[in-house]
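First chain A sits with chain B, and in the next complex the same chain sits with chain C.
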Partner chain A sequence: MNAIECKGLSKQFEKNFALQEAEVKIPENRIIGVLGPNGAGKSTFFRLLVGQIKSNTGEIHVLGQKPSWELNHQIAYLPDRARWYLDYSVEKTIEYGKNFLPGFQEDKAYDLADRMKLDASMMTASMSKGQEAKLMLILCMAREVPLVILDEPFAGIDMIAKEQIMETIIDLASEREQTILISTHEIAETEGLFDYVVFFKEGKVILSGDVEELRGQQGSLQSIYRELYR
Partner chain B sequence: MEERKVGSFVFQIDLSQPLYEQILDQIRSSVARGEIGLGEKIPSVRELAISLKVNPNTVMRAYQELERDGLTEKRRGQGTFITTSKDSIASFKSELAERYCLEFVDKMKSLGYTEKDMIHWITHAKGVNK
Partner chain C sequence: MFWNLVKHELKHRSSEKDKNSSHKRYIKYIYLVVFLVIAFVFITKLALAGELDPTQIWNVLYGLPFALIGISRAIIKREQRCNTVGWWLSLPFRRQTLIWAKFLAAMWRSILTYLIIFVLGLVGFFYALLIDPKLQLHDIGNFLLTGANVGLIMIVIGPLVIALGMFIGILALTEYRYLVSLFWIGFWVVWALVISSYAEVIFHFIKHQYAAFPGVSFIAWLPCWIITYILIVFMSVLLERKLV
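== the complex of A and B ==
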């Protein structure tokens, strides 16, 4: 079954088309790389999935439904450039997750914090960019929901933090049935993570498929990326 | 290409080739060469996926294939182990040797060499006896 199906999806901001007649099909229970240069339409696509913006034309089906606030109970979404309240500690953040986020598992959240070396008493204000990114990731990944959307979770983060985030995602994916969409520009470092990939260009999907098959036919995702966008 | 040690295995992962085949081939070779002992426990899918930073489904596929080969056995609640049967490994090793020979012979035939030429090449090709 497909977790996401979109037909003829267009979204216009003033005169510019962020998405133009995009056709997107994404299978469930995979880790999907959503790739493409800045401005290709990736973040707009994500925002449409969670109903933050409305499309001009086209159809969207997420987990078999149209986007809505009810559907968002089943989606954990980490927006691009997400920041967190400066006066929250890790502990208070997890408390927040428990109280407000559907499917949030407190034990899991503490496990993840431990794994990523975030101390419970640490305050957001004192965190590095990588530590804050990990905290935001915990808010998403501690949720037992069928769909997770991470918009650039690796942007501007040091190598060790990046590896810890990747390990956490792999760890959770091996015990759960979950569809995880991840957009990133760090293809060389993260491509092993993906088993399905969608390439966006100028508001359209120009290539998608099983990563292992694509590797067999065309080589690494990095080299496919170069061919598509150079 | 980066080398990664996981338990008794050393992996070299090349992102331009299917990862599942590389994981499979490299475990097969270590078993065939006897680098990992009979009945030894191998890393779980999760452990290997995390160490290699690779999708768990990819590792799972390689593990299923190893089990079909008869090289590994799953024990309930304990994990995956290298087979305890020397015969299974020996017969798998002969199968692999045969497959490699056929590949070699096919390639040499495509260059127009006869069987006699091939034997000459095997013993005299540069680097063979290193």
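== the complex of A and C ==
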């Protein structure tokens, strides 16, 4: 069963195509790496999935439905280059999740905050970028929803924070039946996280498949990445 | 849930840039102090010369539409400035619900702004009363009614001005963002034309409008609120279909 299916998906911004006739099939209940360099179309693809923008052509089915605000009840989404509200504390952020995000589990959120060493009274304004990234991740990962989309969750944060975030994702994925999509171009550090990958290049999917199978056929993800984008 | 959304919108928002720039944090207070000093000098000078018509203090309210348009545009723009626009737009609510929440928050801020100006105007009146021998305490009735009339007019046109400000903010998020500067130019030209041609008529209306109330206000109220509603629906369509 596929969590996401797209056929002939195109999105044009002014004269540039962000996606061009992309064909995507993403299996459910796996951790999926959506890989590719900047400008490959990853963020546009995610924004189409959550209904923030409309495609020019093609079809999208997410969890068997067309993207809409109603479908966002079932999707936890971390936007690209997102920051969190500076005047919110960890506690207020968890309250925000409880108030507005369906499936948000308050206990789980406090549990994650504790694990990531974020004190409830800590304000976003006083956080490092890594701590802020962890807080935003809590908003997504504390939700009991079938689909989680994380757009560049590791961008600009240090190695220790990255490792903590990856550990959290792996732990939670093993506890739940959840499809987790993660975009990144930092393959070296995140390679062990994924069990399925989709490679984007110039708005098209150029390769996708089970990580173990791809490794068996073509070597490490890092070497496949080098080969594809050199 | 909707009121929680309004409450969320009412929070003060600062961006990373504001956090790192101490002068930006205090700039609005500096503007306020400069404005109060100018008003103080102006009132003192006219009152000592016995030339002060206290209702002129309310002239400051001519700037209120600009304040309202600034408040309402900022309530959209801050999502962009703070890089939180992605969070806002992925909330599982209808686009129209998201816009109504911001609209009500902007309305509340606008009412507060008006009330602050009203109180400051009142302080100005009492100060003038102390130093102007011609001014009497019973003049306060006319003074208050003039100020309250402006408030009434704000209730009539305020929502429309707020919706226009939000519309400019929303337009900047869409593929029609190139129209934003054109819209601004249009707004300034129309406002300048209205003020230069009808300032006296407007001020006369403000001073004596309570006599005509409620008929005149109601006639203006209905179309203003209908256009506001249409603008809000249009904004939600833009957010739904034309985002970049």
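Note that in this section the second predicted complex is superposed on the first by the 230 of 230 C-alpha atoms of A that agree within 3 Å, B and C clash if a C-alpha of one lies under 4 Å from a C-alpha of the other, contacts with A are read in each partner's own complex, and residues count from 1 in each chain.
Going forward, a contact is a pair of C-beta atoms (placed from the backbone, for glycine too) under 8 Å apart; a residue touches a chain by one contact, two chains touch by 3 or more.
It should be emphasised that the depicted structure is a prediction, and the values quoted were computed from it without experimental measurement.
Of the two partner chains, chain C is the only one that A:Tyr96 touches; chain B does not reach it.
Shared-chain residue A:Arg81: touches chain C; no touch with chain B. Looking at the shared chain after the overlay, A:Arg30 reaches chain B, while chain C stays out of its contact range. Interface residues of chain B, counted against chain A in their complex, comprise 13, 15-20, 45-46, 49-50, 52-58. Contact residues on chain A toward chain B in their complex (touch as defined above): 30-31, 163, 166-167, 170-171, 173-175, 188, 190-195, 211-213, 215-216, 219-223. The touching residues of chain A, when paired with chain C in their complex, are 13-14, 50, 52-54, 69-70, 72-73, 75, 77, 79-87, 96, 99-102, 125.
Partner chain A is touched in their complex by these residues of chain C: 1, 4-5, 8, 11-16, 19, 82-87, 89-95, 175, 241, 243-244.
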